[in-house]
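Given below, in the form of structure tokens, are the structures.
The two complexes that follow have chain A in common; it is paired with chain B in the first and with chain C in the second.
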Partner chain A sequence: MISGYAGQTLRINLNNRQSSTSPTPESWKKEYLGGRGFVARAFWEEIKPGTLPLGPENKIFIAPGPYSGQFLSSSGKLHFGALSPATGGYGDSNMGGHMSLELKQAGIDLLIIEGMADTPVTIVIDNGAVSFRDASAYWESDTYVSERRLKEELGEEWQIAVIGPAAVHGVVYACIQHDFGRQAGRTGVGTVMGSKKVKAIAVRGSKDIPLANPRAALAAGEKFMDAVMKQPGYTHWQPYGTPEVVPWASGVGVMPTRNFQTGQIEGYNGLNGPTMKEKVTEIDKGCTSCAIPCGKWGPGVVNGKVKPQEGPEYESIALLGSNLGINDIQQVAYLNGVCDELGLDSISAGNVVAWAMECYEKGYVAAEELGRPMRFGDAEAAAWMFEEIAYGRGFGKLLGQGVKAAAAKVGRGSETFAMQIKGLEISGYEARYAPAMMLSYMTCDVGGHHNRSWAVTFDIATGRENFEGKAERVVWLQHVRPLYDTLGCCRFPWVEAGIEPSTYADFMEPITGVKWTWDELLTVSERIWNLTRMISVRHVPGFGRASDLPPARWTLEGHVDGPTAGKHFTPAQADELLDRYYALRGWDSNGIPRAEKLQELNLGFCVAK
Partner chain B sequence: MKLAYAADKCSGCRACELVCALENFSALNPKKAALRVSGHFPVPGRYTLAFCDQCGTCAEVCPTNAINKDENGAWLINGEDCIGCGICALECPKDVMYLHDDNGSVPIKCTHCGKCMEYCPTGALFDADGAILPRR
Partner chain C sequence: MYVILRLEGHIREFYPHLQEPTTIFLSRPATVAEILGQAGIPAELPGAVLCGKLRVGLDHVPEDGQELVLLSPLAGG
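So, the complex of A and B:
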């Protein structure tokens, strides 16, 4: 028996409110590790072709990894997956906090939620025993109120994941919130939870998590904490968190500004780490065992109105700040708090509202239609529109269906600046003149998302016009970065502090009892990458090269100002990036994994018969 | 060595709970730790820590004298003398004597090992006597 795992898959059927358990397959531990790997493997097994994202046949998969909940700095990660209502394809999202530890202590390596409840429910998992509580009284309540209420009803030690009004009203980019500020934000996993009438999941566990060698695991964790805290990047990143990226991102012109019209924001120091520390941050808020907590807690302010919130981190600063033409960190924090309360993914929400602002400023949509004027820089207007979206009111109802759907409805060329890929709104890097980053977005398995491959620094370091080595870098990053979501820990000790990523192979033996090399772990990650690709091939009609193309703005328009003013690549160059990438991946010219590649990765079950 | 806590530095990461249980029980199980972090969000937006200050109330109320002070100043429970009456846990002024099924009726109590102070990454848990230096 491989250690480090809790032991069970828990399946909850909402149709008949029954649950069952089965042992975590030993073969899955070896071939998929956990977390994202378990989510993808179960997804393939369980979601049949023709399933509708918001229909009863869709399922939610929730999985910690072998490193989740360990005494190993920054190991609080938990993975969520479902067929995405935003893209129609493979969807997943990763969340920090303390819920992964609690799930494992409740005995769970994989939680599968299937069917649909007839009335709003909270799923209660007490040491593995499942019960259901009526959630009708707080079904429409915001996330803070709902989580607080459950903490008071059940006890402070319970770990809770909850949805807000956005999910209740079917916004396709609704998130799942936990611990008053941690989210599984992307791809609409919260929307799927809402469609199943699950308001919250509450977990408590008290079981030991089996360790192959507890003393060695403790010693490894001690050594690792020492190493993280002694990294040169530590003193720089720890006090400020991800807002430290802002001056660099705006300086090199990759910070999305006014709906990706440019890559720099005037007065960017109003959004940087020291300004946030001075004006917003009251305390740090860390995930399990984290020595380098990126979570910062403090109030946001707009026109005298105050909202407590966690963050904002760089992505929210980019999408709720510069991309809305706002350079005041207190205002961004306020908007972040609004999104968190409503249960909106702050990335997609900021992206969609920026598109609406551009539509208004260009005269494509009038103030009467929107409900009020929507100008860049107007935080009050943005906060108002987030509520309209979350409650499905007025123009907000259309915006809640995502920027792709909204642009298709409005037309008039607004599709050109609908900044999405595969139907998922692009996150916080303006990548039209950063080929590795643009390719990262184009080929990200869930759509326009940065975190599978954060290659923008590589572009700056190796020349932005240069294509050599870019596809190779993207493939490598797409194996390394999602591996953290698979193991159940956070990338920041590597990305921020500077720990060598291969260090992570060393923890497998004391925790699981199995010796792994770094290359073996990367092979698992490549297997999962091909599997998630095949899931989208299976579920999205016509999925292929066309799904990987960037939004028109990126290949037709240059930046209006800044260090890369006027620069962009052509559609033919975007195709060239894809050609290089597909060849490296062993995929055909339409971007479909070849049968030989799938067989090589032990994914023969994905080969069409 | 004297355990102390600065709430404004605590990030709620619970490294203290994890190392406590690993050190004292060789278990990855914060429910076996002898201290507890609690979050209070969204208002006031702070963490608190419940921990033992070795006040000795548990020893005073123990009917079998199963709790005695060791050379490091820690009140330790002798499992053989403990009859599991639970009076100590009931009378503990800080509610930091914990019951866990795996430990039978013998409460889990702080052994003053210092591991939590040593591995608190933020310096929120620290040694008021200065023998263990805070990490930051």
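So, the complex of A and C:
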């Protein structure tokens, strides 16, 4: 038996409020490792074609990885997945905090939540034993209030994931929040939880997790921790966290500004790490067993109103700051706090409201229809609109269905600047003149998301006009970066502190008892990548090349100013990038994995009969 | 005169010849931007440049024998 796993899949059926367990399949440990791999494999097995994202047949999959909490710094990651209400295809999101280890210590490698409760519930998992608590009294409460209430009722040692009003009201980009500021933010996994009337999941565990060689695992973990903390990158980045990248992002013209009209924001130092440390941050906050506490807790302020919150991280600064035309970090922190308490994905929410602001400024939507004027730079208006969205009021109800749906309804050419791919709003990197990054967004399995391949630096290092090697880099990153989500780890020790990713193969033997090479781990990641592609092929009618195209703005307009003013690639060049990428992947010209590629990756079960 | 150039984080992957700290010989005092140009690294690539453990700008002129550390930009949140 392979070590490092808790041993059980826990299935909770909300229809009859029953639960059952089954052993974690040994073959899955070998072929999918855990985390994102278990989520994708279970998704294929359990979600049948024709399932509606908000119907009772959709399921939520939650999985820690084999490394989660196992002596390894920055191993506090937990993976969530479901058929996405934002895209209709494969959806997942990854969250830090303390819940991954707690789930493993409760005996769980994979949690499957199915069916639909008839009244609001909180699922309570105590060392693997499942019970349900009535959540009616706080069903509509915000995330902070709900999590605090459950901590007071159950005890501080419980780890809690909770949804807010946005999920309750069916906003398709609602998130799941944990630890007062960590989110599984993307693809609407919170919306699915809300559709099932699950307000919260509370977990407590104290079981042992068998490791193949605990002493060797501890020694390897100590060595790793020591290496991380000696890196100059650690010393420089840790005090400031991800906001410290703001001057760089704006300086090279990749910081989305005023709905991606340009890539730099005037007064960007009002959003950078030192300014945030001075004006917002009160304490650092980290995840389970992390040497790099990148979370920053402190108050946000708009017009004298104060809101405590965690963050904002770079992504929230980009989408709630520059993309809304705001360069005041206290205002961005306030908006971040609003999104967090409402349970809105701050990336999608900022993207959607920026689109509404551009519509207003261009005269496509009047103030009367919006409910008030919505100009770039108006934080008060943005905060107001986030509430309208979360509670499904007025124009906010339309915005709650995502920017693609809103633009389809408004029309008048607003689709051109609806910044989404596959229905998911694009995150915090303006990429129209960064071909590897643009291709990363285009081919990301969940839609316009940065974290599967972050390739801006490669574009700069190798030349932005140059297409050579770009598709190769994207494919490699799409295997390396999601592998962290599969193992249950954070990428910061690599990206931030400079630890070689191949180092991670060395931990497999002491933890699992099986020796793995780095290349073998990458093959697992390639298998998962093809599987998630096939899931969307299965669930999204007409899924293929057209699903991978960038928003029209990126191939029709250059930046209005900044270091890359006027520059963009053409639709034909976007097609050329896809041709190169599909050829490398072994996919056909429509972007569908070929049968022989699927067979090669032991995904024969995905081949159409 | 010379400086030691050290790349940290993922940008090291782009420069196989700069995997280890590398001595860059200079014919005269030079700015960070000029030194990066001599090493074939775009000046806008590093997320931050440290000299003597302090963050410096591209117009900074390091002293003879000092180490320049190029930090990778980070992504996330």
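Keep this in mind: the second predicted complex is superposed on the first by the 609 of 609 C-alpha atoms of A that agree within 3 Å, B and C clash if a C-alpha of one lies under 4 Å from a C-alpha of the other, contacts with A are read in each partner's own complex, and residues count from 1 in each chain.
Simple rule for what comes next: a contact is a pair of C-beta atoms (placed from the backbone, for glycine too) under 8 Å apart; a residue touches a chain by one contact, two chains touch by 3 or more.
For clarity, every value in this text was computed on a predicted model and none was experimentally measured.
Student: Per the contact definition in the header, classify A:Gly251: touching chain B only (first), chain C only (second), both, or neither.
Tutor: In the superposition, A:Gly251 touches chain C alone.
Student: Just checking: does A:Thr462 make contact with chain B only, chain C only, both, or neither of them? Give me first, second, both or neither.
Tutor: second
Student: Taking the superposition on A as described, I'd like to know which of chain B and chain C A:Pro308 touches: first, second, both or neither.
Tutor: After superposing on A, A:Pro308 lies in contact with chain B but is clear of chain C.
Student: Quick one: classify A:Arg393 as touching chain B (first), chain C (second), both or neither.
Tutor: Neither partner.
Student: Which partner chains sit in contact with A:Arg133 here, chain B, chain C, both or neither? Use first/second/both/neither.
Tutor: neither
Student: Between chain B (first) and chain C (second), which does A:His450 come into contact with in this model arrangement: first, second, both, or neither?
Tutor: In the superposed model, A:His450 contacts chain C only, not chain B.
Student: Which partner chains sit in contact with A:Arg545 here, chain B, chain C, both or neither? Use first/second/both/neither.
Tutor: neither
Student: Does the superposition put A:Gly233 against chain B (first), chain C (second), both, or neither?
Tutor: After superposing on A, A:Gly233 lies in contact with chain C but is clear of chain B.
Student: Can you name the residues of chain B that touch chain A in the complex?
Tutor: 8-15, 18-19, 22-23, 26-32, 36, 38-39, 41-43, 45-47, 100-102, 119, 121-122, 135-136
Student: Under the definition above, what is the set of chain A residues touching chain C in their complex?
Tutor: Interface residues on the chain A side: 231-233, 235-237, 242, 244-245, 248-249, 251-252, 294, 311-317, 428-429, 450-451, 454, 456-458, 460-462, 491-492, 494-498, 563.
Student: Chain B touches which residues of chain A in the complex?
Tutor: 69-71, 73, 98, 101, 105, 144, 148, 156-157, 179-181, 205-211, 214-215, 217-218, 221-222, 225, 229, 238, 282-293, 295, 297-298, 308-309
Student: Which positions of chain C touch chain A when the two form their complex?
Tutor: The touching residues are 6, 8-12, 14-15, 41-42, 44-48, 50, 53, 55, 69, 71-77.
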